[in-house]
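Got some structures for you, see below.
Look at the two complexes coming up: chain A is in both, with chain B in one and chain C in the other.
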Partner chain A sequence: MLIKRISLIKPMILIFILIPVVTQAGQNQSMQELLIGLIPEQNIFRQMDRYRPLAAYLSEKTGLKVRLTILSKYGDIVERFKSRHLDGAFFGALTGTMAIIKLGVEPIARPVNQNGTSSVRSYIFVRADSKIDSVKDMNGKRAVFVDRATVTGYLFAAAFLRENGVNDIEKYFTEYFFTGSHDSAIYSVLDNRADIGSAQNTFFNVLVSKDPTIKRELRIIARSEEFPETTLCMRKNISPGIKNSLTNTLLNMDRDPAGRDILKKFGASKFIRAEIKDFNSVFNLAKRARVDIRTYEGDR
Partner chain B sequence: MKKKIILSLFFLFLLFTTGAIITMFYILRVTSRLDTLITLHQVEILRQDLVINVQTVQSHLYTIGTSFGKELDVIVENVATLDSAIQKCSGCHHSPEISTKIIAIRDLTEQYKEALSTFITTTAGRERVERLQLVGANIGNMILAKTQEMAVIANQKLNEKTIAAIKDVSNSRIILIVTLLLCFFIALSIAASLTRGITEPVSELLKATRKIKSGELGYSTSYRGKDEFKELIEAFNDMSLTLDENNKKIIQHLVRLSGLYRITLSFHAITNVEDIYKEVSYGVAELVDVEQSGIILLDKDNELFSHRFPAFGLNPERMADIKIPKEEFVNIYLSSNRRPLLFNDNTGKLPMSDMDKSLGARNSMFVWIRQKGELIGAIRAANKKSGDFTEEDARMLGILANNVSVALENAKLYENLKKQMAELKEAQEQLVQAAKLAAIGELASNIAHEINNPLTSILGYSELIKEEADIHNIMRDIEVIEKESLRARDIVHQLLEFSKKRPLEIKEININNIISEVLSLVSVPLKDSNINITGNYDDVPTIEGDANQLKQVFLNIINNAIFAMPGGGTLAVATRSEKENVYVEISDMGKGIPHEILQRIFEPFFTTKQDKGTGLGLSISYKIIQSHHGSIDVESEEGKGSKFTIVLPFTIRQIS
Partner chain C sequence: MIYWKLHNNYPQTAEGKIENRDTKLRIQDKGIRYFLFLFFAFSIFTLFFPPPAYSIEKKTIGVIMTGDIPYYAKMHKAFSARLSREGYGDMEILLQKPYPDQISWSNAARKLIAVDVSIIVTYGAAAALAAIRETSNIPIVYAGVHNPAAVGIAGKNTTGAVSKAPTSSLLRYLKSVTNISILGVLYSEIEKDSVKQVDEIEDISRDMGFKILKINIRRPEDIRKIKGSGKPDALFLTCSASVNMAVDAILDIARTEKLPTASMLKGENNSGIIITLSANPEEQGEMAADKVIKILKGTHPVTISPTGGKNIELIFNLKENMSLGFKLPMDLVTEATKIIQ
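What follows is the complex of A and B.
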């Protein structure tokens, strides 16, 4: 009888030991993590500050732990998406196009700016006191771009230069470099570290709104057509439930007071559904720039 | 004292409040120092965090390139923490020196962020990237340097503040101890002062109270006290004096009441009015302390009120003419509304002033004596030795006057009673004598016959003498005549002796002898009857009693027994003694007494002998035995006879 009792006690102790472990594991399982990448399109610290509230909101609403990670450089974005096992990323127009083609990611939503647009343009700008008015005037000058893997920070400028007779950028400019972010590119021209710059209009406008003197100090000499705004794309094999949950949460943010607050901090009025066809303009521009997206590395 | 207590308490309150304020001040000062120290330590912790963050970022700054992504997240997190910390620190209050450093670090942090971001995101040109890396690293080093400078300053401040805090703690301890000790000793001295201020007068009052309790009324404490205690002690002394005065008054009153009681008590034993006059006069003189006092009463014969003597301080001869007509006296009484009259100033014309002037009275008081609502006189007191007559004097004599009235009434009743008693006694004596004669009367015919026999013999022998010549025969006849004459004389003598009216004469008597004499008296009449007398006489002790009266009792009972046995029988007489008493039992074998009349035989004038009896015999006998403190008991059975048992004590006491 005593032996039987001892034999029963052991499994019970085991059950009591295992119950908390199993429960904890269950809890961890229930809080599934989504790793979302950010393209460093502006100062990475400001960008993180901008995206953190959105990530927190999504975590609260979807029940998923949304974690952000900076993808330092545009060019290797596709490789890093794979190597970091990202679940999704806020892609720029070009990186998004590359990811769609190379990784098969699916665009789900993109923000609408405060002015009602959900598209971006590329500006080619010089300092206001510069004597550069045309591509010819740029010869032998210093140029600054954001990254090869950006439409607004490089691809449009490349297409524009090519269409204006510049076939070899390295020879045409005495110096050219990539800042990795749009605001750095703008500050490079402002700070006279470069003579010509190319950056996205939204970041240009943000800096102008913060410091109106910038508008007076810089002169835009070329504007591109519209390209899709930064778009959240999810990996192709993501769970439909997660994808739908994320999509619905983003699309309904503007109907939720807390969501509206987050949107305001983010600098958007709402999120709209994104589709692959939104990226057609990028394909067209790539053609103009004689770039094959399928083989384009975006690296220097 | 109340003011002193309030002031002391207020001072104590101020003292403790001051102590509390000082304590609070030093506690706050010390805690403020400690707060500063804690803040400085927090700043140090913050600085160390900053250093750690910057150092982490710096280390990763040089490792960026290979597995970049992860390090970038770490850099971003560290810089975010760094930024958050420096922003938080900027919001705190610091010394200008520290604030300047913090602002510089904050600016450097912004630059650091910018440089790092530029470095991290810049991709074109290796030299440019390396330059940007160096710029970032330099800014990081500058932050570290600034942080180090801040640490030096903070440490210096920390040391200063720590020393100051330790000093403050030490000072606080001393101040607290001094404050507490000061408060304690001052409070102790105040308490001691208050206690002394209370216990001293209380102790003095307690002592005084004990003195008063032990009978020392009027004791006044010499302790004067202060404040309320001064008033209390003064009030206490007043109270003690008042108690003493009241006690004296009470004692005086008690003395008077005692005197009054003594006078009135004597009334119970007084039976003649002169004694009442004397007791009252002398008692009043003592009670109200006067030179003259006496009783004025109405003389009904001449309708005049005059003094009765003996009286105190008054000469009867001098007073002989001082009389007040009843009408005048009653008018004064009525005009006084029946209240006592007090004349403390006899200079004017006042009621009774003629009498007072005649008697030389300076002042006087008249208290009325009433009997059954009618004025019969007054108690007069005059010439009070000290002071005036008071209402209290009047009340005292008023009580006495009421008692005098009763005493006079009692004396009068007693006189009447005495007179009536004398009359009653006389009547009783006459009654006894009558009963006695009646008893003799019952014997008279037989006695006459008995006397006739010796007389016949005398006559016969006288005739024989005339014829005898022989002297011897004559002498023999003469002897017979003499003998018969003596016999007749004895009978007559006995009869006379019995019939004499004698006063009560208590002597030592032998009851057997008394019975023998009675039986001798009745033996003559019984000689020819068929009644046989038996006697059974114990040797009984002598008793105290009146022989004549007891003879009368026995004669009555034996006469009744003989009467009850007309056809003859036995008359049994027995005596015995038992427990200080002599028992005489007289039994007959007569017809007995019917039960219904047995209870009435001792009633006066009750008789069954009709014309032959007075009905007084047994009634008188009963009274006589009662006067000898004895008793008569009778047992009777119809047809068998009766038995009378007379019990007489050996000694009679208080026979008057």
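What follows is the complex of A and C.
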């Protein structure tokens, strides 16, 4: 069994060299700072392009100096939240659930996509010309996942495979690997570097909308139930004033013309209030995958 | 021992003498006893010291490698190394390197048939098709064939390693380097595999919104057509041996004309091709060797399924790209399995 591990060194060097690790979004040095973490759910360059305007907007509207930092990988996100003294983070469904349980973070808001949904799904897909139609056909093939600490890029696939009789993916696939981002998992299957992939529907749809030929080249063979979109969660002991200011600014963005522009760039129509109960679907999936969130590390 | 026990159980007369019938049997059995002794001794010896499958009759493998392009050279090196590692290192390998034309391919196959090789190994579709045309008895193992079914490589004595990498993906990456209105596609009309690739690119071009300019390269001097046949925005090198033999000259033109290049065959470590999406040649060679070993051990080729390469490499030559004045989006660069800078 060969597990190809994608080197993280190269992307990490790129993070530090080619983009500012921290985006300053506010000019007034006397402002109170708020450090918000981003999980590397998509290509870091695209992700910074997406979040930078939002941070600037929040800084302007709240009077807080909102800084962004991309966490290098999903797996140890909970540890890094503590060690880097983050005030909050845009968590994915699984990392959010882990952070709620392990750190007591509080979900405050999540975006509504431009199609009106505020949830995501996992897709398991193959190349359109592949002969893989079922789990049985996947035996001995190469699989690509995003990260162990993602619902849409791993956990759903793990549960799906288990429910279809696959107890040990290490033995079932000749090779499997983690790309660290959803779009990279999609490209891996497109390029035939992997036979089966798992990624989030929103990133899949973004790539397809930019290049319709991608849709013809990939075939979705399984879709998950809905999970909450990337959610902004704040640390438990943050001041109520800051939390409320941030929440209100996000929830009212769609009523402000400047906010609407930022939302459009972000790929959302508005933000809605988020609650802990939104994550119930993740707890249920974890049970199906026989994963205990309390002890799950999510490290590769 | 068994014999004597049986013998002692023979019926005896009241005087304790063995009957005449048994005496005769014992005399006749002497020869059988001797034969059985030798048979058992040999069986036990071979049980502990089994001979290699080929040692009884040393076999020869014929290899047809079109031209002398780095992709096939790497494949052949890996093929030979795998055979050695698996204990078949002293097999005779007859290597033929025909020029990419029909007569040379046929002659190469005929030479190997004339010396009665046990298996013919071919790199590339054209060599495989030539071998199939010339013989129906000798097993043929191919490697580095983009799409065997599409070019008619099939038969009861044929198996091999498929090197298909998605053409559309390579085009997608190439389009990210520069806007393409006209794509120059370098192929050879006598190499079916590359002709099929041209057809595939033509289909994809309609979806991706560009036109293709087919440039047929049969001889090195044909590369002049790149300059003379319209103004392509980029060059796509198919898996044609003729094209890949002329890669250095093609790259000279690409540099002069500032044309980004893409190839389906991995070349030298820093060949100058900007984007390469290729099945790993070493893996192809090893897969071919594994199939050859199976055949040598007595498996019929018809029961050995062709297999596709699992190691697809995506190589970006950032150094060359920058020197031509192009930029590759960083979000795509991170997809590369290898970066040359």
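In this text, the second predicted complex is superposed on the first by the 270 of 300 C-alpha atoms of A that agree within 3 Å, B and C clash if a C-alpha of one lies under 4 Å from a C-alpha of the other, contacts with A are read in each partner's own complex, and residues count from 1 in each chain.
Note that contacts are C-beta pairs under 8 Å (C-beta built on N, C-alpha and C of every residue); 3 or more make two chains touch, one makes a residue touch a chain.
Since this is a predicted model, take the numbers as computed values, not measurements.
Undergrad: Return first, second, both or neither, reflecting whether A:S184 touches chain B, chain C, both chains, or no partner chain.
TA: The answer is both, since A:S184 touches chain B and chain C.
Undergrad: Quick check on the superposed pair: does A:R142 touch chain B, chain C, both, or neither? Answer first, second, both or neither.
TA: Only chain C; A:R142 stays clear of chain B.
Undergrad: Taking the superposition as given, does A:F45 touch the first partner, chain B, the second, chain C, both, or neither?
TA: both
Undergrad: Look at A:N192 in the shared chain and tell me whether it touches chain B only, chain C only, both, or neither; answer first, second, both or neither.
TA: A:N192: touches chain C, not chain B.
Undergrad: Mind working out whether A:R216 is in touch with chain B, chain C, both or neither, as first, second, both or neither?
TA: Touch partner of A:R216: chain C, not chain B.
Undergrad: Taking the superposition as given, does A:T174 touch the first partner, chain B, the second, chain C, both, or neither?
TA: second
Undergrad: Classify the contacts of A:G104 with the two partner chains as first (chain B alone), second (chain C alone), both, or neither.
TA: A:G104: touches no partner chain.
Undergrad: Is A:R127 touching anything from chain B or chain C once the two structures are fitted on A? First, second, both or neither.
TA: It touches chain C, and chain B stays clear.
Undergrad: Does any part of chain A touch chain B in one structure and chain C in the other, and if so which residues?
TA: Looking at chain A, the two contact sets intersect at 43-46, 175, 184.
Undergrad: Which chain A residues qualify as touching chain B in the complex?
TA: 40, 43-46, 48-49, 69-75, 80, 83-84, 145, 147-148, 175-181, 184, 299-300
Undergrad: Can you tell me which positions in chain A touch chain C when the two form their complex?
TA: The contact residues of chain A facing chain C are 10-11, 14, 18, 43-46, 127, 142, 174-175, 183-184, 187-188, 190-193, 211-213, 216-217.
Undergrad: Along chain B, where are the residues that touch chain A in the complex?
TA: On the chain B side, the touching residues are 68-69, 72-73, 76, 79-80, 83, 113-114, 116-118, 120-125, 128.
Undergrad: Quick one: which bits of chain C touch chain A in the complex? Just the residue numbers, please.
TA: 164-166, 168-169, 172, 204, 207-208, 277, 310, 312, 314, 329-331, 334-335, 337, 339
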